[in-house]
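See the structures that follow.
Each of the next two complexes has subunit A plus one more chain, namely subunit B in the first and subunit C in the second.
The block that comes next holds the complex of A and B.
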């Protein structure tokens, strides 16, 4: 079975919220919309957003770093929001594993919001039904868009390419390789919900440099040995010639 | 049921009171209409606090509806004559409270207009859907039970009907508790203790409602309740209050034992602002200890004290439910344990909730419906308890 998912590289995410705004823009004007807002330009704005960037600090000052953590519906393989829905409005698609809400069947009891351990459910306060990330289901299968654009809006918008999209059940897919090779992990696996979305951890790249590597080793004058050996402090050929 | 006690009811007062109840219910309906027109945007609820003040009232009424049937059960199932005489009133109060509670619950849905969808699309794995069956089943069973009580030809069926109602009410309150017990991810819930806790809470809340209704009906008819019966029912209320306190304490102490829950308990019990106040002052002191004093103090325990104790139990129950439902949602989900998360959406922070007037009016409207059904039912079906028919000195014995 196909299980579409997003892979978010926390090592690359800079917390710019481009994914948040592009998601809002695409979905508010599409079939999932409107994503109602209240006082959007006032001091106390609220609104319906499928995607949010949470931020937290890791470490003790001064050895701290800031982690930006974009979070939307994780499209769990065993989603707790689906069995609790009294009318079956919440469902998981067999063909691609996307968890969706049928707005016409949702009675707005909001119980799925209680059941989701990740806080991914959103009540549209105007339309009065529950909403959530659709993985841009209207976009990824759209035949009116060029092939390259048939990706979720947030993936398209990410300036650092921190977001990958694909089938995590296909071992050869880009996302499966990213999870496998970069220590990808699921959020709160202890709930047993098997979130499809995965995160790639923050990674430090370090190399060891030895002293001799700081000295130029490929100077042909040194190999020849016939010419006077210039002292280390003296300029090399690179310094005195134009080539 | 041939008594003409209610002929003494002054019609004018009855109609005025019924009209007042209808008006309260109407205001509740108008409030829900306002929220329906404008959306939840005009309420204090938001994406984090999705169940607000109406649910506090609705769950109180549904839990009390189950508890108020205790009186009927003690009469029909355990054969106590004093309680048997009160069984019709108990059943009527149950139907009234259930109707009021469900009205609030339905009108607080995002889309109450889709009631037919809820009725025609049934998800058997949903505890919420189970409750739809449990509520409608309760209505039907209590109606049948009342029929067996009021129709002389079927009186002999009142015991099996009472047994069915007795079993169903336990399942119903278990179902209400399970709505919260099945929520594994939230710190306030996900405990197997919740269904039994709700059952014991229902005993106290239901009996408090019953005692209030009984006192009002007796006062209306200028009759006095036999002190022996008052004492018996008063003491039962006291035992239920103590039982409820015990289970609430066990629930919090269990949570305190788990290191991961201590943050939440600290929030609810110590530094959560409104919530600790409502819990300690509202539920523990005014909703439990003070009623116990009014019940058990040697110089108190008369009708007025019992009425005051019952009122306080009801106020305390609303305070407890506010803390339980809204406080439980206000505390953030532990998505990044050990870290303080923030976002421009209030993630990782204590959620704010300020109940709006329409929410409050909708809740009160539900109480108006319950009162209206009870008032009209008591008059039409003549449900004043008839203790005079009992032989002297056998109060509480089997018959």
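The block that comes next holds the complex of A and C.
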């Protein structure tokens, strides 16, 4: 069993929204039709997105940290949005675990969006069908794109590699290792939806250096002290000798 | 949640239609056991079924306004194995069909006895059709309510009280409608129906109060901490990832003030329960008052109250996705 997923590293996400624009660019130009916008260059712009970067401030001043939080469909292993769909337009693919919407079957009743605790689904106001992240299913299985480009466009765009893509059911994959070794967690575990996408927490990177490590304490032959010390006018040791 | 008027009209109209049908069939059963005088097939049962069908049809039409693609509505019968919405889509027309058959059987006088019960009572096709329709009627109440009650993270809805209240409120509304209808079509019956309407309205009052009390004491399971997975007591959202709002900020927030939410609760409690109960009780005490005017006014007032009740039902539910949309940037 394969379960494709994104791993989002909150430790390195800088909130640049490159994943948002890149996702929108790819998915609005595809064969499935545009992700419609309303007033895109006017007051109150609004539109359909698969992926958004939100910002949270954690802690109280001055001990605060700004956390940029990219949010898209989590491709739950037990997706609550799928069984409620009356037409079968919402489905979870057996072969790779991607949750998809068949835009030709969707009647736009919005019931699936009510059934998603993460707010990952957005209706397209123009096409009147429910839309959501497809994990760029048209990229990752593409036969025309170069091999290196067969990844979701948000992953391609991320300048800090905060987004990893892979199969979380394969214990040796990059994503499984990232979850295992960096404390990857799922969102709202209380609802038992088992999201496939995981988030890697903020981590403090630090090492401890003691004072005695700054000088060479272990110099048993005392060679360092016996080196010739030329006068200031004389050529330096490096100029005259090859040691 | 933002209440959708299509759904408010759907649930209240079919509730009244279902209740009216149940009232008609209850009347027929009482007459079958000689507890009430028998009524005219055409002017009471057939006409009553037509009124019931009008309400059910009105609800069905309202529901289409909820869909982005009404022309594909036929597809929604596909997933009846898993989706309560799909089940409702099947049961509602089935129930309407049975009410049509029931009314038609009365209209065309298909009352040739099929078999005889031990007490010497003859069972005719209308009684059988009515029994099947009654079964479908209760299935429809369950399907409609389960659409909401099955969503486990909408904690305000995820309770058996949702199913109980949809059934009782629909029944109360339908029996009040039946009393108003019988004031015109069957002058012996308004008292009977008004009595049942009082019982059902009082039961619905208990059920709805219970759910209001329950929901006021609910503790949300999700918090900002579980939503973004950062265990810190102090987290403030600074940006929801959109400037001019999105589907998520429109669909899941009712956008009304706290004062409005505080005001609508007593408003619907008065108009759905207190005033109709008072009017019906006054009518029971003084049967000469139980005329079409009073009973119709009671029905209309209670129906308007039910619109407010249903609005509040939707608005009251707090969707966990709102945790991701706590501010406007």
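Structure notes:
Operating definition for what follows: the second predicted complex is superposed on the first by the 214 of 243 C-alpha atoms of A that agree within 3 Å, B and C clash if a C-alpha of one lies under 4 Å from a C-alpha of the other, contacts with A are read in each partner's own complex, and residues count from 1 in each chain.
Criterion: a contact is a pair of C-beta atoms (placed from the backbone, for glycine too) under 8 Å apart; a residue touches a chain by one contact, two chains touch by 3 or more.
Note that the structure is predicted; figures quoted are calculated from it, not measured.
For the composite obtained by superposing both complexes on subunit A, the positions of subunit B and subunit C are in clash.
When the two complexes are overlaid on their common chain A, residue A:69 makes contact with subunit B and with subunit C alike.
Contacts of A:185 after superposition: subunit C is touched, whereas subunit B is not reached. Of the two partner chains, neither subunit B nor subunit C is touched by A:1. After overlaying the two complexes on the shared chain, residue contacts for A:129 are found with subunit B and with subunit C alike. In the superposed pair of complexes, A:88 makes contact with subunit B and with subunit C alike. Of the two partner chains, subunit C is the only one that A:60 touches; subunit B does not reach it. Of the two partner chains placed by the overlay, only subunit C lies in contact with A:201; subunit B stays clear of it.
Shared-chain residue A:109: touches subunit B and subunit C both. Once the two complexes are overlaid on the shared chain, A:145 sits clear of subunit B and of subunit C alike. In summary, superposing the two complexes on chain A brings one listed stretch of subunit B into steric overlap with subunit C, and the stretch in question is 256-264; the others among 4-12, 22-30 or 256-264 show no clashing C-alpha atoms.
The intersection of subunit A residues touching subunit B with those touching subunit C, taken from the two complexes, comprises 46, 48-49, 52-58, 69, 71, 80, 83-89, 105-111, 113-119, 122-123, 125, 127-129, 187-188, 191. Subunit C contributes residues 1, 66-70, 72-73, 75-79, 82-86, 89, 147, 150-154, 221-222, 224, 226-230, 232, 234-248, 251-252, 319-322, 324-325, 329 to its touches with subunit A in the complex. Here subunit A touches subunit B in the complex through residues 17, 36, 38, 46, 48-49, 52-58, 69, 71, 80, 83-89, 104-111, 113-119, 122-123, 125-130, 187-188, 191, going by the rule given at the top.
Against subunit A, the residues of subunit B that register as touching in their complex are 39-41, 46-48, 50-51, 109-112, 114-115, 117-118, 121-123, 125-129, 132, 179, 182-186, 189, 329, 333, 335-336, 339-345, 347-348. In the complex of the two chains, the subunit A residues touching subunit C come out as 20, 39, 43-49, 52-60, 66-67, 69, 71, 80, 82-89, 105-111, 113-119, 122-123, 125, 127-129, 185-191, 199, 201-202.
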